[in-house]
Structures are given as structure tokens and as C-alpha cells.
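Presented sequentially are two complexes of chain A, the first with chain B as partner and the second with chain C.
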Partner chain A sequence: MAVASADTAIRTSRITRAFIYLFLLLFALFYLLPFGIMLVNSLKPLSEITGGNMIALPQEWTIAPWLSAWSTAQIGVEPTGLRPYFINSLVMAVPAVVLSTVVGALNGYVLTKWQFRGSTIIFGLLLFSCFIPFQIVLIPMARILGLLDIAGTTPGLILVHFVYGIGFTTLYFRNYYAAFPTELVRAAQIDGAGFFQIFWRIMLPSSGPIIAVSFIWQFTNIWNDFLFGASFASGGSAPMTVALNNLVNSSTGVREYNVHFAGAIMAAAPTLLVYIVAGRYFVRGLMAGSVKG
Partner chain B sequence: MAASTDTGVDLRTRLQTWLPKLVLAPSLAIMLVFVYGFIAFTIYLSFTDSRMLPSFGWVGWDNYDRLFRIREWNTAISNLAVFATLYIGISTLIGLSLAILLDQKIRGEGVLRPIFLYPMALSFIVTGTAWKWFLDPAIGLENTMHLWGWESFTFNWIKDREMAIYTVVIAAVWQSSGFVMAMFLAGLRGIDNEILKAAQIDGASNWNLYRRIILPQLRPAFLSAFVILSHLAIKSYDLVIALTGGGPGNATALPATFMYSYTFTRNQMGIGAASAVIMLMTIAAIMVPYLYAELKEKK
Partner chain C sequence: MGFLDIDNVTKSYGAVEVLHKVDIAVQEGEFLVLVGPSGCGKSTLLNMIAGLEGISSGEIRIKDRVMNGVHPSRRNIAMVFQSYALYPNMTVGKNITFGLEMHGTPKDERERAMKQVAQLLQIEHLLDRKPGQLSGGQRQRVAMGRALVRNPDVFLFDEPLSNLDAKLRVDMRIEIKKLHQRLGTTIVYVTHDQIEAMTLSTRIAVMFDGYVQQLGTPKEIYDSPANLFVATFMGSPAMNVLPTRLIECDGALHALITAADAQEHALRIENPPPAYAAYKDAQVLLGIRPEAITDPEGADRNARNIQPLTNRVTVTEPAGADTFVTMTMSGKDCIARMRADADVQPGRNFDFAINMDKAVLFDPKTEQRIA
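Then we have the complex of A and B:
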């Protein structure tokens, strides 16, 4: 990725630069090591882990732990592997991400281009919801999901993630649309374009970067959520993070570390993939929105 | 219809003025119920004798009284103080250092930056799983050092009641410091180089350049980092569950794990609600002034 910065004015000596590279490489090692070790050890037979060196490469490469984690490992009481839970998480995350992004985009549009008395207060109320500790809503949420008869189901979790995602998506779209020239909107209005027409024809075509930010943020948060999944989804409808935790922390039988590692990488794969493919848009878009110049 | 005397155009104009409010209304309603209504309900429950299910016998401040006499809660509070201080402090220090060093026209920045950043894409459950085994004396770092011939090396913090909370700090810093780096880097890239060049011509050393000119300009980035990290710290739940399960004993309990276990496994919902209220108040004390300042400034 091209670096946008102008020349830095700071000048450094050769020795200093050598130390800088050393320091940066040590930290790269720090960030890579735990995940790298998981990857290497997920490809070893169990005997090489318990009897051998964690950092050594496998003497005998095997994908058996991956197959086991995916389709036969014991999760809770069922030997189903992580596959059904992976699907649960996808079925949960995709609608919740799309819904909260659509609503956030419309909210951001209203809050920047159609302000009215009290709209700032409404934004403040939405914004505060991003930062509440979710423990404060767990008990009433459990009751409401029960009343709606969707307790312990994937639709229940979609609702929960949609509701608590609106604040963030609204924040992103509002900050992004605030920089969008209001004169364009007013001009279109004078030409007779309506509320939705302006949104559809003028705002949306230039919203690509912020839609990407919203998708990445929401997908990462919802896929990685554990608290709501553990509280509101039981047994077969649990999301991937809860299933992984059950796999790793179940106390029965032999601890199959290699299977645990393979499972952990599976749980990490979708968000890592999103990050690798689109991460730079995320950081760029996020910085444009959240750090004032 | 009462408005039948209006022409069609008028009706359309009136609809257009109402439309923005109509579009915003569902979100507002959802927030009022699912956020503010729920908060009110939980606050109410914290003054009742709820056990396994919500019940509405008023007990006044009883739950709060009892809460602060429970040893596990006091452990959780002091753990949070230790954890939050170190987590925020170390993440900021590492994030700032990496950002400043990366900003020195480093070759390979495009490779290093994603490596520093990728942990933030992972679930805390995955991070916890990775670090749990890495820090496990039997198969992890300690064992590796022994195999390499350093027989006396010990690193068993994760099994040690006194030290286990620091392993949570290590894993949490690993996950978040790259993100803090990105925030500082964005701030550094926004600083006007002309000012720096002018100061250099005046003979300022690099050290003074950073201390007097650059760091003060990073104030917004410091503030954002503090707000984001402190709110993550107070909400920390998954990482502790995956890394230590709150143990050994309850040596790594945090308010979030306390709330969950009292509400859902020990059937002390009134006390669980009271602990959630304390968590909310702590976050509100940090967030409300920050959000207020942000909104006022942007108006």
C-alpha cells in the first residue's frame, strides 16, 4: 500500500536505524509467534505436542486434527465437529451485518442532511449505546427473547446483534456523510428530487468506502462475539466462538491440543480473510471518520 | 381525510418534511426500548430480591451493601484496577513507540503494519486459546526453554494465583496494541512537516522535536486511545473466560465474569444486576464527558 505521508523531517543516524529495525522485527515476532505456533502445532500428531517442542516443525505432517475439528470433534455432548456452528455464525452474521448497515446509512443521511430540532440529541442517545457494557442489558434481553419466543435461536441472536450494531453504523455513516457537500443535496432538492431519490442517486453511489468500513466492523464484531452467544444461544444454535470455547475448555477425555488449535484457526479464518482482503480500507476509512484533523 | 383540501403537491411536501423523522423513528424507538428501557429495568432489578428469575420485592440498597461485602467482587474490582492500568498504559506505550518508529521512512512498512494489526481481527476466544497453551508450563514456553537446555527457566504465571492476572494483560496487549499503533500513526501522518522543518532549522534536537511539538499534537489520538481501551478493559469478558476461566480459583475474576456467574449460574440476579449497574456507571463516568465534548465541538 502506498504511503501517503510527505517526507518526514526527522533525520536519524545509521546505528539508530539499525536499532529501529531490530525493535520493529522483535515486535513482528511477538505478534506472529502465538498464532504461528498454533498453525504449526495444528499440523502435528498429538504425541509430538505433548512429548516434543512447541516451536519445532512437525516431523510427521498431518491434517487429521483439521478433519477432526471440522466434522467429528466432541462439542458439548454431540460429536459433530465445528461445522454446524460455523454455519450458525454465518447465518447469524450476514443478515445482522446487512440490516444494521442499511439502517445506519439511512440514519447517517438523516442526521447530516435533514437535521431537525433534537436530531443531535438523538445522535447522542444512539452514540452512547455503542459504549454501554452489555452486562447491563443481558437480563431484560433474555426476558424479551423469551417473550418473543426466539430465545436460544439464531433469529434471536440476529435481532440482538442488529439492535446493538445500529449505534456504530450510524456513527460511521454520520461522520462520513458530514463531509459530503450539502449543496449537492440542496440542488437536487430544488430540482424536485425526493428524500429517497437523493439518497439512492446521490449519496449511495459515493458511499463505497464507508459501506466497506461498516461491513468489516460489524462482521468482525458479530462473528467474534462471545457474550451474547453464550447468554442467548443454547446447544445446537450456538455460534462458532461458543462452540470453540466448549471444545477447548471441556474437561472430559484426553486434551487434543492439535484439534483445539485447528478449531481456533477455523474460528479466526473468516475475520482474518476479511482483514487481509479489505483491512486497509478499514483502517483508512476508520481514521478518516474518527480522528479529527 | 382532513387534509383533502390540500393539493397533491402540498401533501408531498409535507410528507418530505416528515420523512426524515419517520426514517429515524424506528432506530430511536429501538434504542429507547433495548438500551435505555433495559438499563432502567436492570437498575430497578438491582433494588429487588430477584434470584433465579426477576422478582419485584423492593429491598432498597441491600444488594449493593451485600455486593461490596462479597470477596469475589472485591477481587474483581482490584483485578480490574490492575488490569486496566497496565493494559491501557502498556498498549499506549507500545502503540506509540511502534507508530513513531514506523514513521521513520521504514522500508517494509507495508509488510510490518499488517503484522502488527492482524490480532485485532481475531476473537478474544481465539487469542485466549493461543496464549493459554503458549503460557502453559507443561507444553508451552517453559517446556520449550527446558528442551533447549535452560533447565532452570520457569514461567508459570498462568497457574499462579498472584501472577495470573498479568497473563491476561499480556494477551490483551497483544491483541490491542497494533490498533493503538494505527491510531497514532494516523495522527503522526496528519502533522504538518513545515513546522518540524522550521524547528529543525532553529536547531531543535529530535528528542525536543517529539517532546515539544509532535506529542502535544497527538492529544486527540491519546484521548481516543484512552477512551477505547478503558471501555474495552471494563467490558473484558471473553478473554478471561478463554484464557484462565477466571481462575486459578477466582484469581482472575473481573466485574464482567462476576456479573455473569452471579446472574446466570449462582441465581443471585439482584446482585448480578447491581454489579452491572456499577460497571455502567464506571463507563458512563468516562464516556459521557467525552461524548459531550465531541458532540459540542462538531456542532
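Then we have the complex of A and C:
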């Protein structure tokens, strides 16, 4: 290490800074590379890809692969494109995210502000569910879905993701609300607010960052899930991830790589969008409580 | 029978009793301060009055209505918290009227009550702001506004000034006192600051270790502390407590103390209470407040029994208004409070005047005041 003295501190930091930015830029490019290649190839005719040059920009720009992937490509046996499955995923993810976030928030509220005998044990058990591997719950879950007569349907998937998400959302909200001043709850009690009024009027309006965290986390997990989708939804009710797999694995005719790339980007787009829109809240929410504001 | 009765109230967590048989009858319009070091149970008692903590045994009554098990919002009390506990997502105006809204008061009535309170506390210009945009003193006012607007039977204050800086604390103290004088409300106020307790209260309950050590007017507490804890806790600098022996000489009782030069001095006690007789020739603790030890010119003119004492000065601390002088007496550091311009030099001998009218004696074993 060079000798650090006050008069050289600024100069060294400027050089170091340049290096830091250079490296960051390189890494950013490196991480963007796969996405770039996917994007480029999804805009080429198939002949250009099979011609061998995957990195080059398209000679002939086309959105035909996107249109095909969206509405006409062969998914399994039906030439429906990904559109119905995209809608399936939305219909599955949105209620599951909302339900698990709401229940997680209520759990966190009760576990921190209305503690009862054994509440820490219950929290511990809930936390357990974050660490149980997906595979373990497959068979019991299939049994329960069968009993409820929602096996192989979108409501069944919603239930699976909702229940599986409670552990994480409870963890987030509990930790966030643990740092939430209890005096506020007491003041509201004296003011005459009830259990739900306090939750609705006092707690929730201050929970923006952690709602964003829970929302992003849940949405990405549920949207990207393949195992539950493949196990508990079949045919017409399959989510996007399963449909994408079926698109890529459909064995009729030639493999349309450009269509596959377009489909893959479609499958990734919603989570990307959520990160871009709400990403800064994500960081803010994760930091909340750790540093006093 | 008081306005707010705390009747033989105890609080236990499991087998541990943290409040022992507290018995206080607060009259209407009284300003009761619960004071004590942290962990003495004062906040627990306040929370029990508020209904935020259960009552293990005994009864709390407000206006003769038993409050055990009654929900906080139905006790007609209002509370100001140490952190102010303003709802961060609501404007000041909303904060003030939230309680009224929860109690189903119609909107126009809420607005009227809010205007009135805002005017009283001079926070009208803040009504549309969020608590995050307010200074500490302004938040304090809003918190009081939120309590006032409900027009409660009893106000509860939980260390409301301890988050403010020193100057603001003094200002707000006067403000609270003015408010009490103007509105004549019944207040229970918790603090660990004995100066706040002395200045604000009409009565003080000094608490320690879950017991009310003494309940009385500020003057009673200050001049006739029930025991050694109260004597040393109240007053700043603390009361000097000197080991001494009572002797009889020339038909009068004297307290025997040792000066810094190992010379023994007998301080005469006039009109001793009869209980002193039993301690003749016994070891006792002599309590003298710093302001009762002065230079001869600065001594209280109305005092009847001023005893002279020459002693060596260890340290002087000029504090502006007064000069605090430390010396050694009976092996203990002893602080005297001088006029600012008294000519005292460290290391020199000085003629002190001790106002023995104000001296109190404690039993060294029970630590109770002998009276």
C-alpha cells in the first residue's frame, strides 16, 4: 500500500475512482451480455442465427419472432403462442402476491404489537417455512389440492404460492414493525382506534418500503417459479415458465431460436419491469430498521 | 376519596412484584408528579392508570368509576408520550383530531375543537404540516394539543420533556405549568428529573424500587424527606449526608462532626424533636442541604440557629449564580452553596455558617428520618 497522507488523498482517490468505474462498467457489460444476445437474436430471421453469427447485429430487422412467440408458436400441442400462459401467470401471481403480502403484514403487526404467549415460537415456526426445500412439500401439497378439488387449476397455484410466501412476508413485516415505535400504537389505542383501525390508519401508511420489498420478492419468486407450476398446473392453466419450457422443447419442425429468445424475454420482462420501477424501494426497504432514519 | 384514586395497587410480572401496594388519592386539579430513577416503577404505574398495562391487584378509580379492565379509550384520559408518538403519516391537524374521529365526533365539531386547541398552543400555522417537518418543541406542542382536544378527566405525561434540549425544556416546563394554571386540569406526570418534579407539581410521589418512598408537597419532600433515598434524590447538588454522633452538652443536643484538620466540632441543635433523645450518644446521619452551608454574610436572616464552622476548602466551582464549595467533613465530601462573589480560595481555611434549622437526622440502620 502507498503511504496515505493528507495531500495525496484526493489525487489517489480520483485515480482509484476511475479504476472503480472502469471495472464496474466492465462487469455491467459482462452481465448485460446474455440479455443483449437474446435481444439481438430475437430480432433476426432464423436463417441469420443458423448461419452461425450469434453476436452480430441483425442484417434484416424483424419483429416476426416476437409476434410468433406471443400468439402463434406451438406450445405443446396447441399453436397458441405464449399469450394465454402470460395471462395465466398474471392471474396467478397478482392475487398470490397481494394475499401473501396482506397476511404477512397482519402477521408482522400481531407478532410485534400484539404479542401473546408463544408468539415468538409461532414466528420461529413461520420462519421455518422459509427454509423448507420446495420438493418436500410437493406430495402433501398435491394431496391437499386434490382434497380441495383445485388440483391442476390456477386457484390451486395461487393457494400454493400464497401459503408458501407467508413465511417470507411475515419475516419482512415482523422485522420492519419491530422497529416501529410501540408508543404510536399505544397512542392510537388511547385515541380509541381498534385493532384493524390501527393497522389500516397507522401501520400500513408507514409501511411503503417494506410493502415494496415484499411485493418484489414475492412477485419475482412466484413469476419465476417452475416447479410448482409444472407440478400443480397442467395444460391450459400452466404458467408462463412452464409454457416457455414447452415452447423450447416442442419437437415439431425446426428449432426457432429467434422465437425462443423472444419468448424468454417475454417471460423475464415483468420481473425486470418490477425491479426497474420499484428497485430503489427494495433497497430502501431492506435497509429500513437497520439504520435509524 | 379523590378524583383519581390509586387504591392499594400492585403490579406483578409472574412471581416478581414490581409495584408494591401503591396508594395515592389525587384531588381534582392536582398536578401529581411521579419521580424516581429508572426502573422504579413510575412509568408502569402511569401505564396502569392509562390502561396500557393490567392491574395485578388493587383498584384504580377515576371519578369513582373503577377502571380495572376498562379499555384505555374509555377512561377519558389523554397521554403525552416521551417520543410524542405523533402519527407520521398524518398532518398535525389530523393528528389532533384522530382521537375525536375514533370516538365518532362529527366533523364540524372536530374542526372547531382543533381550531381552539391550536390557538391555545399557538400551532395554527402548523396544522397542515407533517410531524416530520416540525422541530422538537413544535412536536411537543402538537402532542399536548392531541391530549387537550379530548378534554379528558386526567392528563398523563410520560417524561414529555426528556427529548428536548436544555433551554427548550425549561421553556416547555413553564408552558406546561401555565397551561395547568389556566385550565386547572388534573395531571399525573412522570419524570426522572427532580427539578421538573419540584417546579411543576402540587404534590410529588418519590418512587424507588416499586415503593412510594414519600408522598407530599414539594416543600415537604425537600425540607422533610422521609428517608435517606428521598433526601439524596431530590435536590441538586444532593443533600450532604455526614456520619455524626449526638451528644448532650450544656443541656442541649449537639451533632459532633470532624473538620478536615481532624478537629471535632459540636453543632448545636435547637428545639430537637422528642425522637432525638433516644439517639443520644448514638451514631446518626446528619443531612444538610448545600444552601444551608454558606458564608456568614450569606446566611439566611430568618434562621434562628446558625452554627459557625471553620474548615479547609478543597475545590470551588463557580457556577455563575452561585459558587459551589467542596470541603471534607467527617470524612465525606461536603458541598456548600455560596453567593457568587464570596471570597473562597481552595486550600485555605474559610469560616462557614451552617443553618442547623434545616438540618435533618437519619437513623443509619433504617435510613428513615428521625422525627
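Here is the rule we go by: the second predicted complex is superposed on the first by the 263 of 293 C-alpha atoms of A that agree within 3 Å, B and C clash if a C-alpha of one lies under 4 Å from a C-alpha of the other, contacts with A are read in each partner's own complex, and residues count from 1 in each chain.
In this section, contacts are C-beta pairs under 8 Å (C-beta built on N, C-alpha and C of every residue); 3 or more make two chains touch, one makes a residue touch a chain.
Quick caveat: nothing in here was measured; it's all calculated off a predicted structure.
Judged by the touch definition given at the top, the superposed model places A:S234 against neither chain B nor chain C. Of the two partner chains placed by the overlay, neither chain B nor chain C lies in contact with A:S71. After overlaying the two complexes on the shared chain, residue contacts for A:P205 are found with chain C alone; chain B is out of touch. Of the two partner chains, chain B is the only one touched by A:P133; chain C is not.
Counted by residues of chain A touched, the larger count belongs to B, out of chain B and chain C.
Touch criterion met: A:A267 reaches chain B, while chain C stays clear of it. When the two complexes are overlaid on their common chain A, residue A:D191 makes contact with chain C while staying clear of chain B. Look at A:S47: by the touch rule set out above, it reaches neither chain B nor chain C. With both structures placed on the common chain, the touch criterion links A:P181 to chain C but leaves chain B unconnected.
Within the complex formed with chain C, the chain A residues making contact are 181, 183-184, 186-193, 197, 201-202, 205-206. By the touch rule above, chain A contacts chain B in their complex via residues 1, 3-12, 17, 20-21, 23-24, 27-28, 30-35, 37-38, 41, 49-50, 52-55, 103, 106-107, 109-111, 114, 116, 119-120, 122-129, 131-141, 143-144, 163-164, 166-167, 170, 178, 194-196, 220, 223-224, 226-227, 230-231, 241, 244-245, 248-249, 257, 260-261, 264-265, 267-268, 271-272, 274-276, 279, 283, 287, 290-293.
If you check the complex, the residues on chain C that touch chain A are 50-52, 71-74, 77-79, 81-83, 85, 87-89, 98-99, 102-103, 146.
Those residues of chain B that touch chain A in the complex are listed here as 12, 16, 19-21, 23-24, 26-28, 30-32, 34-39, 41-42, 45, 54, 94, 97-98, 101-106, 109-110, 112, 114-119, 121-127, 129-134, 139-141, 143-144, 147-148, 174, 178, 182-183, 186-187, 189-190, 193, 196-197, 200, 206, 209, 220-221, 224, 231, 234-235, 237-238, 241-242, 245, 255-256, 259-260, 263-264, 269, 272-273, 275-277, 279-280, 283, 287-288, 291-292, 295, 298-299.
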